[in-house]
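Labels A, B and C are assigned to the chains in the order they are written; within every chain, residues are numbered from 1.
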Amino acid sequence: MVRGAPFLTLPQDLYIPPDALEVFLETFEGPLDLLLYLIRRQNLDILDIPIAEITEQYMEYVELMHELRLELAAEYLLMAAMLAEIKSRMLLPRPQEAEEEGADPRADLVRRLQEYERFKQAAADLDVLPRLERDYFVVEAAVPPGFIRRLPPDVELHELLSALREVLARAELFTSHKVEKEQLSLRERMSQVLERLNGGGFARLTDLFDPSEGRPGVVVTFLALLELIKSSVLELVQSESFAPIHVKLRESSPATTA
Amino acid sequence: MTDQPLKAIVEGALIAAGGPLTLDRLLELFGEDERPERAAILDCIRALSADYEGRGIEIAEVAGGYRVQVRASVAPWVARLWDEKAPRYSRALLETLALIAYRQPITRGEIEDIRGVAVSTNIIKTLTEREWVRVVGHRDVPGRPALYATTRRFLDYFGLRSLNELPPLSEIRDPESYFLSTNVAPTSEPTENTP
Amino acid sequence: MTDQPLKAIVEGALIAAGGPLTLDRLLELFGEDERPERAAILDCIRALSADYEGRGIEIAEVAGGYRVQVRASVAPWVARLWDEKAPRYSRALLETLALIAYRQPITRGEIEDIRGVAVSTNIIKTLTEREWVRVVGHRDVPGRPALYATTRRFLDYFGLRSLNELPPLSEIRDPESYFLSTNVAPTSEPTENTP
C-alpha cells in the first residue's frame, strides 16, 4: 500500500495467503473503488467497460469476501445487483427510441465511477500537500510574563441610562426625595469651576466668567458658583469693601492630586 | 512611531503567535498614535522572509494570514521533539474531506452517493473536532440534513491561502458524447476497445 | 552529519519546542550516525544568540535549558495578542458612574444616600483608573469628602460634546412624560440638589 491506495495487483493464478488477501480486500473503500481497481488493473477505458467480464470479476471478489467472512457492506451486494441488471440490458436488443437518446445502460455507472475517481484522486492529492504536524511545525515563543493587559469592558450609553433609571426608581421607594428637572450644563460648569480652582489658592471671581460664551454662559457660571458656595465647597473672599471678590476652595487643605 | 524597530515587533509577534496573524491583527498591536502603515508591516514581513532564507524557520502565507513555521527541510529532526508521530488519515477520511472541500456545502448523503459507501460518524466527528469542517446550514429537504463546509483552519493546516489553491480536480469525460459517437452501430457486447 | 546545516536544525527545534530544551534533548534529535558534538550544538546556540541581537526574539538560558522567547523590549506590543477583555461592569458601577455624571460634583456619601447601599472603594478606583471620573474638590463638611466629577475622557468615550447632550433626568425617569411635555421655559433658579 502506498498512501492508502491499493498497489498490489492480484495475479489470478497466484496463491495468496488468506491474511494478505484479507488486508488487500479491506483496502477497498467500497464497490466503486473495487470496480475502479478492476478496470484500471486491465487498462480498460472507463467509458467502455466490458460489463460482462467486469461483472464476473467483481462477483469473484465478493465471493472471496464472503468466504473470508469479511464484513460485507450492503453496498457491495447492491452493486452486484446493478451490474447484473446492466449486463442483462446490454444483452437485450434495445428499442430504437432508447438508442436515439444514447441511453447506454452503462452510462450511469460510468458517470459514478468517474465522479468517484476524481475525488479518490483529490483525496490522494490532499494527502501529499505539505501540512502542519508532518511537514511544518508551528512555532510558539513565550512572551515574558507581566505584559498581558486586561482591557476594560465596553459600556454603551443606554446601559448607563438604564442603570440610572433603575437607581432613581429605587431611590424613590425609600425616600420622598424629589429630583427636579436637571440642567446638566450647570452641573458640568460646577465641575469645571472646581477644576479651575484645583491648584488651590484664590481666583478672581471675574476671571471665572468667559464673556465669549455670551449671556447664557455667564449665567450658568454664576449659578454654578452659587450652587458650589451653597454646598460648602467654595467660599467667596473679599478683603475690603469694593475690593475684587476672590473665590477659593473652602479650607485650603490640599484639594486633590488623585 | 514606536521606539522599537517595527521589524523586531513584527518578528516577535509572528514567532509568539502560535498560528497565522493577519495584517489587521498585526496593526492592532500598535496604539492609534503609533500605528504604522500596512505597507510598512508588509515590508517587514518580506524582509523577515528574506532573513530566514537558509535558516530553520520560514514565513508562509496561509488563509489565516502570515505564519512562521519550521522549515520543511529541518522538520524531520524537529519532529523528534515529540513522541507521537504525525497523525495519519485514512482514505475514507481524506475522501470525505476532499468531497467537502471541493463540493461544499454538501450533505452527508451526497458524500455517500458519490463515494458509494456510508460515511462513518467517526469520520465526521474527527473532521469536526479538528475544526477542518463545520456545519454551515441545513438543506431544505425532508430530514433537513446538515450541510458541511471546510473552515479557515483547514486551509491553514494544509498551507493554503484559499480553496482556489487546492489541486485542480481531474476532468470528467462525458460518457454521453462518447456513447453517442461510438454507438452508431448497435454494439452487441462492448468488449473490444474503441479508440 | 546531516545534509541540513546544524544551525538551522537547532534553530527550528528551539523555536518550535514551546519551552526550554537541554543540550541532551537537542542531541537526541539526531540519529547515532549523524549526531554532532555537544560543543557544536553549543556553538550553534551562541551563533543564533548573536544573530538575534536587535531582533524580536532572544535565547535565554534557564534551568530547563535554552529557550527562545520574545525580547522584553518588544513584549509590550507582542503581548497585545493576548489582551483579555475584562467581564462586563457591575450594575453598581454603572449606577455610580451615572450618578456622578448627572449629579456632579458629588460625594461618595451622596451617591450612597441615593443608591441606598455603600459604594465600594473598588468601583471608585476602577472609574478613576479608567479616567472617567476624578476628584475635583472636597466638600467642606466634617471628613471633607471628595467631590467626584466626570472627565473629558468620559465625554469622549460616550461621544458627547458636553454633559448637556445627555438626556435630561426627567426623560430618564419617565420617558413618556418627557416627550409629551412642552416645558420650554428654562428654570431660572438653580435646581436644588440636596439628596
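Keep in mind that, in the parts below, a contact is a pair of C-beta atoms (placed from the backbone, for glycine too) under 8 Å apart; a residue touches a chain by one contact, two chains touch by 3 or more.
Chain-to-protein mapping (UniProt): A = Segregation and condensation protein A; B, C = SMC-Scp complex subunit ScpB.
A quick note: this is a predicted structure, and the numbers were derived from the prediction, not measured.
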| item | value |
| --- | --- |
| Relative to chain B (SMC-Scp complex subunit ScpB), chain with the most remote C-alpha centre | C |
| Nearest-to-centre chain - CA centroid comparison | A |
| Distance from the mean Cα position of chain C (SMC-Scp complex subunit ScpB) to that of chain B (SMC-Scp complex subunit ScpB), given in whole angstrom | 35 |
| Euclidean distance of C-alpha centroids - chain A vs chain B (SMC-Scp complex subunit ScpB), Å | 16 |
| Centre-of-Cα separation between chain C (SMC-Scp complex subunit ScpB) and chain A, whole angstrom | 25 |
| Junction residues of chain C (SMC-Scp complex subunit ScpB), two or more chains touched | 12, 15-16, 57, 68, 70, 75, 78, 80 |
| Two or more partner chains touched - positions in chain A | 137-143 |
| Chain A-facing residues of chain B (SMC-Scp complex subunit ScpB), complex | 12, 15-19, 57, 60, 67-72, 75, 78-79, 86-87, 89-92, 94-95, 97-99, 101-102, 114-118, 156-160, 166-167, 169-170, 172-173, 175-176, 178-180, 182-183, 186, 189-191, 193-194 |
| Complex contacts: residues of chain A adjacent to chain C (SMC-Scp complex subunit ScpB) | 137-144, 147-153, 155, 157, 159-161, 163-171, 174, 177, 179-188, 190-191, 194-195, 197-198, 223, 226-228, 230-233, 235, 249-251, 253, 255-256, 258 |
| Complex contacts: residues of chain A adjacent to chain B (SMC-Scp complex subunit ScpB) | 4-5, 27, 29-33, 44-53, 73, 75, 79, 90-91, 93-94, 99, 102, 104, 106-107, 110-112, 114-127, 129-143 |
| Complex contact set, residues of chain C (SMC-Scp complex subunit ScpB) against chain B (SMC-Scp complex subunit ScpB) | 2, 4-5, 7-13, 15-17, 21, 25, 28-30, 54-57, 68, 70-71, 73-75, 77-78, 80-81 |
